[in-house]
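Both complexes shown next keep chain A, but they swap its partner, so chain B is in the first and chain C is in the second.
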Partner chain A sequence: MARLFERRLVPADSPAAIMATTSAAFLAAMLAAAFLFVSYDASPFQAYYALFHEPFATLRGFGYSLVRASPLALIALGTIVSWRSGFSYLGFEGCFVVGAAAAGWVALLTAQGAAIGPIPFILFLPLAILAAYLAGGAWAGIVGLVRARLGGNEVLISLMSNYVAIFILQYLVSGPLRAPGSLPESRLFPKGSWLPFILPGTRAHAGILIAIAAAGIVWVLLKKMPLGYEFIVTGFSPSAARYAGIDVGRRLLLASFFAGGLGGVAGLTEALGSQHRLMDGISGGVGFVGIVVALLARLNPLAVIPTALLYGGMSVGADAMQRRASIPSSITFILQSLAVLLVLAFDVLRYYKINFDFRRGTPSSTAPQVSE
Partner chain B sequence: MNGPSFVLSAFVVTWLTASLRLAGPVLLAALGETFAEQSGVLNVGIEGTMLLGALASFLVSFYSGMIWASLIAAVLAGIAANLFLAWMYVTIRANQVVSGLVFNVFAVGVASTVYRKAMGDSALPESIAMFQPLHIPGLTRIPILGPVLFGQTILFYATLLLACIAYFILFKTNLGLALRASGENPAAAASAGISVARMRYLGTLISGAGAGMAGGYLVLAQVGLFRESIVSGQGFIALGIVIFGRWNPLKAAVAAMVFGACDALQLSLQIFGSHVPSQLLLALPYIVTILAISGLFGGKAVQPAALMVPYDRE
Partner chain C sequence: MKDFLEMRNIVKRFPGVVANNRVNLTIRAGEIHALLGENGAGKSTLMQILYGFHSMDSGEIRMDGKQIRLDSPKDAIALGIGMVHQEFMLVRPFTVVENTVLGMREGRGPLLDLEQASRKLQELSNRHGLALDPAARVGSLPIGVQQRVEILKLLYRDASLLILDEPTAVLTPQEKDQLFAILRKLKQDGRSVVIVTHKLKEIMECADRVTVMRDGQVVATREVRETSEHELTRLMVGRDVNLRAIKPERKPGAAVLQVKDLRVEDESGREKVCGLSLEVHAGEILGVAGVDGNGQSELAEALLHLRRIEGGQVIVNGADVTSRSVAEHRAGGISYVPADRRRVGSVPEMSVADNAILGQQRKYVRGLFRDLDEARKSAEKLTARFGIRGSGIDQGAGKLSGGNLQKLILGREILRGSAVLVVEQPTRGLDVGAVESVWQELIRARQEGKAILLISAELDELLNLADRIAVMFEGRIMGIVDAVAASVEVIGLMMAGIRPAGAANTGATMKEAPSGETV
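Entry: the complex of A and B
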C-alpha cells in the first residue's frame, strides 16, 4: 500500500533538507509565540519588530548583542570540539566559572601594589587567556580523564561538577577575594585589565574578536588538521578509530581539554569585558545556552558566530520588548526554547519523503517500501 | 538541662529535622527518575517538570484552597509535561540530554509567563494553605528522635511509603522486570515480546508524576508560595541521588537523606555561627556523587546499559 509520506531508510542530509526543516521549526515556533503576543493585546508584528529592532538595528543594542554573543559563541565552540569527539560534556557552566575566576585572579594581581603590579595590556592579555584556558581545560580535562581511564559517565559527572565550580567561586568571592562591602563580590579589576571597548558609544568589547578568532581556530582544527580528523573519527566510531591506530583515550582527554579551555575563555570575556569583577552567579546559565547555540549551528564552527549573535540579540530584544510593549521577557524563553525543541523534533521529517504517485498505488522507484 | 548539652541537642534536633525536611522533595523526584533511567531514558527535564508542578499546585491551591486537589494538579501537570518529553525521547528519538535541558528553559518561560498572567504583574508573592507537621501525639516527646522522626508533614511519610512501593514494583514484579529489561538490553526485551517504546513512555511518565509531585511538595509543605527560583537545581540534585542510590529506590532514600543532611548542616552551622565555609558543605554531596559514579571505587557504576541510547526497532 503506497502512502503519501514514505519512510526513508536514511535521513535526507542535503543542506537544503536541513535548511528546510530548520526554517520550518523556526517558523512554527514564531507562529506559536505570535499567539502569545496576541494574548497580551500586542500585534505580533510590532512585538517581533521590538524583538529584532533594538538588538540588530540600533548601535547601542547591537553592542549589547555582541556582549551577550561572545561567551555564548566560545562555549558553543567548546561544545563542538567535545561533542564531535564523542565526549558529551555538559560542564561548560563550570568551565566558564573557573575560567572567569582564573582571569579575574590574574587581573587582581596586576592591581597597583599587588603581587605582579601593573603590566602592559599586551603582556597581560596572553597571561590572562592562558590562565583562563588552563583552568577551564583542567576542569573539563579531569572529567575527560575519568571517562578515558575509568569509564565513568561524563554526562552526569560534568552536570554535577558545575555545582562544585559555582561553590568554589561563591567561596572565593565571600572569602579570600571579597571586597569590603555588603555584597559577596571581588574588588573592581584595575582598568588596565579590562578588555578594550571596540565600538564607540556601546559596551561591545574585544571578547567578540576572541570568539571570532576561536571560531577560525576550531574550524581549522576540525577541517584541516589530522588531529581534528582523529577527533571526529573518535566521535563517529571509537572502535573504528581504535582499529585505525588512534589512541582513543588520549584523543578524548585532549578534546576535553581543548573544549574546557574554550569554556574558560568564555568566562574571561564575561569577567574582563563585561562585569569587571568576580561575583556569585556570574554564569547565569550561559554554559547551557551555549550548548544550545552549538546545536542550532549544527555543530558547525563557522555557523556559531551568527547563531550566537542571533541568540544573544534575542535576549537583548526581549528586555527591550518588556520595556516598550510590556510583554514579559519570559515569552522569549518560550520562543527560543520552543524553536530548539522543534528543530530537534522536525529532524524526524528528514526521514520521510513525499510520494507524489501515491494515488496510483505504486511505490516510488527511489525509496524502498516499508513493510507493514 | 545545662548549657552546652542543651545547645548540642538543640543543634542536632534542628539539623536532623531540616535534613529530613529538605530530603523529601528531591527524594520524590529521584524515585520517579529511577523509573525513567531503569527504562533507558535519562530524563534531565525533571528540573523543569518540578517547576511546572510547583506552579500548578500553587495556582490550584490559590484559587480553590483545596490542598489535596493542588497536589493532584501538580502530579497531572508533571505527567502532561512529560508526555511531550517522552514523545521527544522515544518517538522522535532526539538526544535525551539536549531535549531535557532545552525543556527546562522552556518550562521556566512557561511558568513565569503563566504565573504573571494569573497573578498580575505587580502582585506580591501570595502565600497559600500548607501541609502542617503532624506531631504524632506521644511519639514526638521522645528526646531528639521524637521531633525529628515524628514532626514531619504527611507528604514526607507518603514519600517514604512510595520509596518502598517503587522498590517493590521495580524489583519484585513482572512490570518492573520488563521496564529494567528495556533499559538494560532493549533488543532482547523486544524479542521477548516487551514493547520497549511503551516501557520507556511509562518510565518517563512516572518520572513526570514524581517530579510534578515534588514541585507540589516544595510549594505545599515548604515554601507556601511560588517563585521562579523555587526549584533552583533540585531536579539536578535528584539526578545525582538516583546515581548515588545506584538506581535503587531504597538506596535513593538513604542518598537523599545524605544530601539533605549536608544541605541542612550548612544551614544549621550558619545559625549557630560556625566558621567552616558553607560552600564546602554545600559542594560535598556533589563531590561525593562524582566520586561515586567516577568508577574510582569498586568498578564502574552499574547504570542501565542502554541509558541514553534511543531504541529503533528497524
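Entry: the complex of A and C
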C-alpha cells in the first residue's frame, strides 16, 4: 500500500525541514491573502510590491522597520525565556508599560534642574536600563511568586495584570508626570536621554542594538549556562527537575524576573527611542504581538531578530500599501494572522515524507518496521 | 476440543510500523489460551482488534465458523467477547451490582431493577466461586476482588470469550492463585479465556495452550504441557537468555544506609510510611517487596527528600542526612533510579547527552558556562560502558527504547559514585534482554560495594538479586527474610499483611509480632 505521502512516526526536525515548512506556510498565507486584494480590484503583485518595497528596499522605510522591530524582538525574547521555563506568561504589555514608565522617570530626572540633572549618556543608559529591567522584572516576578509559592494560574493573573499596569501609566501621565496644560502626557525627555539615531536620515535608533545584544545573551543563557539548562528541564518536566535537585519554584521565579525585565527594556526602547515622552497607550499591543513573533521564531532566540524585522516591516509596509494602492492596511493584519496560523498548522507536514517510488508500489524502505 | 474463534491473516499497520503481520490465532472452546510476547510484539494490538478497539487493515475473524465484524467494543460484547483491562474500568463509589449493570437496561420501564440484577449476580458469583457481595462498594474492595468484579461484569453479559490483559500485574501470589482457580472454573463451564502476559511461570501454571508473538508475527503455538519455560523464552526473544542472575558471594560491609522510624505522608495527608526502620550494608542488595501502593514509592522519594519526612531519621555513613535537600543528596550520598523513567528519571525531549548530566548540571561547569565538552565526553563514556544502543548522544532520549533509556538512567546514577543506590522498579515493562542487562549492572554495582535498596513488585527479580528481602505492607515492614532461604509463600503472605510465624522479625515495629496472627 504505497502512498505518495507517507506518515512518519516522528516529525522531521532538521533545520531544513523547519525552514521549508515555514516558508511554505508563509507563501500559502500570501496566496490566500492575494484573493483579498483582488476583491479591492488591486493587483496582488502591486500590493505585495508596495508591502515589501517600502520597509525593506527604502532607507527611510527600513529605518521605521528597525524601530518597530526593537520592542517586538525584546518581548519575543522575554517570551522565550519564560515559556521555555514552563511559565506561560502573557503579561508583557504590562512589563512594557512599567518599563517605559521607569525609563521615562529616570529620563525626566536628568532634565535641567531636576533631581539628578544632566549626566553623560554613558552613565544614563545603564541607569535607565537597570530601572526598566527591575521594573519589568518585578512586575512579572510578582506573578512568578504567586505561581511558585501559591500555585496560582499565571495565564489569568498575567493577563489581568496588563490592565493594572496600563491604568498605572494612565494615572502617572494624567497626574504626577503630566506636562502642564496639555494632553495627558509627560514632558518631552531631555535630548541627552534619547537613544542615539544609528542610520542617518532615518528614525532608526539604538534600540535595535539593545535587542540584538539581548538575543545573544538569551541564546548564551539557554544554550551555554547551567542555569539555562535548569530552566529548560523545568519547562519540559517539573518532576524531572525536582528529581535532578533543581528548586523548581525558585527557577520559575527567576525566569519570570528575567522575562519581565526584557519586556521592561522593550518599553525603554519605545520611550527613549521613538516617543521621547510618556503617554497613555504607548504600548499599543506590542506585548501581544511580541509573543506571536516568538511563536513564529519557534522560541529560538537567534531567529527572533529576523522574524521581528519581518513582522515590524510588514506593518510599516501596510501603511505604504494603503497610500500607494489604496488597500486598507488592515489586510496586512489578516495576512500576518494567516501567516501565524499557517506556520503553526503546517507543522503537521513535518510528519509526512514524499515517497517518490510510490508508483512502483513498493513502500519506502523504512516502512515495515515493528514497534509498539 | 473444537475451534471456537479464529483470527486469520490479520494485518494491522500503524504509521511506519506493522503491528500485526499476517497473524493467525485460533482459540478453542473451553481452553485457557496464553498470548505471550515482549513489549511491542503486537499482542495488545491483536487483542484490541478482537475487542473492536482497532480496525484491522486486512484479514478475517470467524466465530463458530461464521465470519464476524467487530467495529466497536459494543459489537464484541454483543458477540460474547469481553475484556478485562489492566486498568480496571470501575466506578469506585458504586456498588458491585451498580457497576455491573452500568450501560445495560435492566428491568422493565424506566426504572432500574437492581433487586433482580443482584439475585442474578449472587447466583453467578456462587456458581463460579467468585465470592462477591453485590451490595459492596467497589472502592472499598481490595484490588484482587475488584478484578473479580470485572470478570463478573463479563459473565453477567454472558461472555463466552474473556480476554485478560496482564491480569496478575497487581496481585499478590495468593490472589493470583485465586484468580487461576476462577479461570479454571470458567474453562470447565465451556468458556474460553485469553490471558495476555509476559510471565512464563504463570503460563506454565494455568494455560492450556500458548501462542508466542515476536515482532508483530506469531512465532509458534504450543500445547503448554509439551513445552518448557526455556523453549518459550527462546521463542519470545529469538535467542537463548539466561534469566538467572549469578550473584557472587560477597560479605556485606558496614551499614551504610540506616533508616530509623521513618514517617511519610502522601499528598492527601494519609500516612504512607508508618515508622519504618531498615539498614542496608555496603555490597548488599536489600530488596523491598510488596504490592504496589503500600508505601514503597513514598519511601524512596522520602529518602531523596523529594517528599517531606514527617518523622524519623535517614543516616548515610553515620551522618544524619534527614534534612538535606534533593540537591545536597545529589551532590553526594544517595543516587536514585525512579520508577517513572520518562517523566521523572529523564527528559525525553532533551538529548541523550543532556540527560546524561541530569542532576549533575552544576558539576559540568567551566567558569560561568556549561562545560559541554566534558559533559559530552562523560555521556560518550556512559553509553559505551553501559552498552546504550541508539543513534548517538545527540539523539533525543525519548527515542531510546525503554531498556536503553533505563540503562542510561541506571548508568548515570551508578557512575555518580555515591555510596547508596535506591532503585525503584528497574525492569518494569522491559523485555527479557534488557532485564538481563539491568540485572547484571545491579550485581556489578553490588560487587563495587554500593549499598543498594531495590524496590520491586517482581518477586522473581528480588529472589534473584537481593541478599535480603524486606516485605512492605501498608507502610510497615512485615518482616525481613534471607533471599536464599526465602519461600514465595512466606513472602506472599507477608505481602498480603499476614505475618507467618517463622519469619525473622527485625526492627522496632516487629516487637509486638503476635504469634496467634496466622492465616
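Heads up, the rule we're going with is that the second predicted complex is superposed on the first by the 342 of 372 C-alpha atoms of A that agree within 3 Å, B and C clash if a C-alpha of one lies under 4 Å from a C-alpha of the other, contacts with A are read in each partner's own complex, and residues count from 1 in each chain.
FYI, contacts are C-beta pairs under 8 Å (C-beta built on N, C-alpha and C of every residue); 3 or more make two chains touch, one makes a residue touch a chain.
Since this is a predicted model, take the numbers as computed values, not measurements.
In the superposed pair of complexes, A:153 makes contact with chain B only, with no contact to chain C. In the superposition on chain A, the chain among chain B and chain C reaching more residues of chain A is B. When the two complexes are overlaid on their common chain A, residue A:175 makes contact with chain B while staying clear of chain C. After overlaying the two complexes on the shared chain, residue contacts for A:292 are found with chain B alone; chain C is out of touch. Using the contact criterion defined above for the overlaid structures, shared-chain residue A:35 touches neither chain B nor chain C, since it reaches no partner.
Applying the stated contact rule after C-alpha superposition, one finds that A:239 touches chain C and leaves chain B untouched.
The touching residues of chain A, counted against chain B in their complex, run 36, 39, 88, 90, 146, 150-153, 155-157, 159-161, 163-164, 167-168, 170-171, 174-175, 285, 288-289, 291-292, 295, 326, 328, 330-338, 340-341, 344-345, 347-348. By the touch criterion stated above, chain A contacts chain C in their complex at residues 1, 6-10, 220, 224-226, 229-230, 232-233, 236-237, 239-240, 242-247, 366-372. Every residue of chain C that touches chain A in the complex is listed here, in rising order: 13, 15-19, 21, 39-42, 57, 215-216, 304, 306, 325-331, 336, 338, 340, 343-347, 349-350, 354, 358-359, 361-362, 364-365, 368-370, 372, 399.
Interface residues of chain B, counted against chain A in their complex, comprise 42, 44, 88, 92-95, 97-99, 101-103, 105-106, 108-110, 112-113, 116-117, 121, 233, 236, 239-240, 243, 277, 279-280, 282-283, 286-287, 289-290, 293-296, 300-301, 303, 308.
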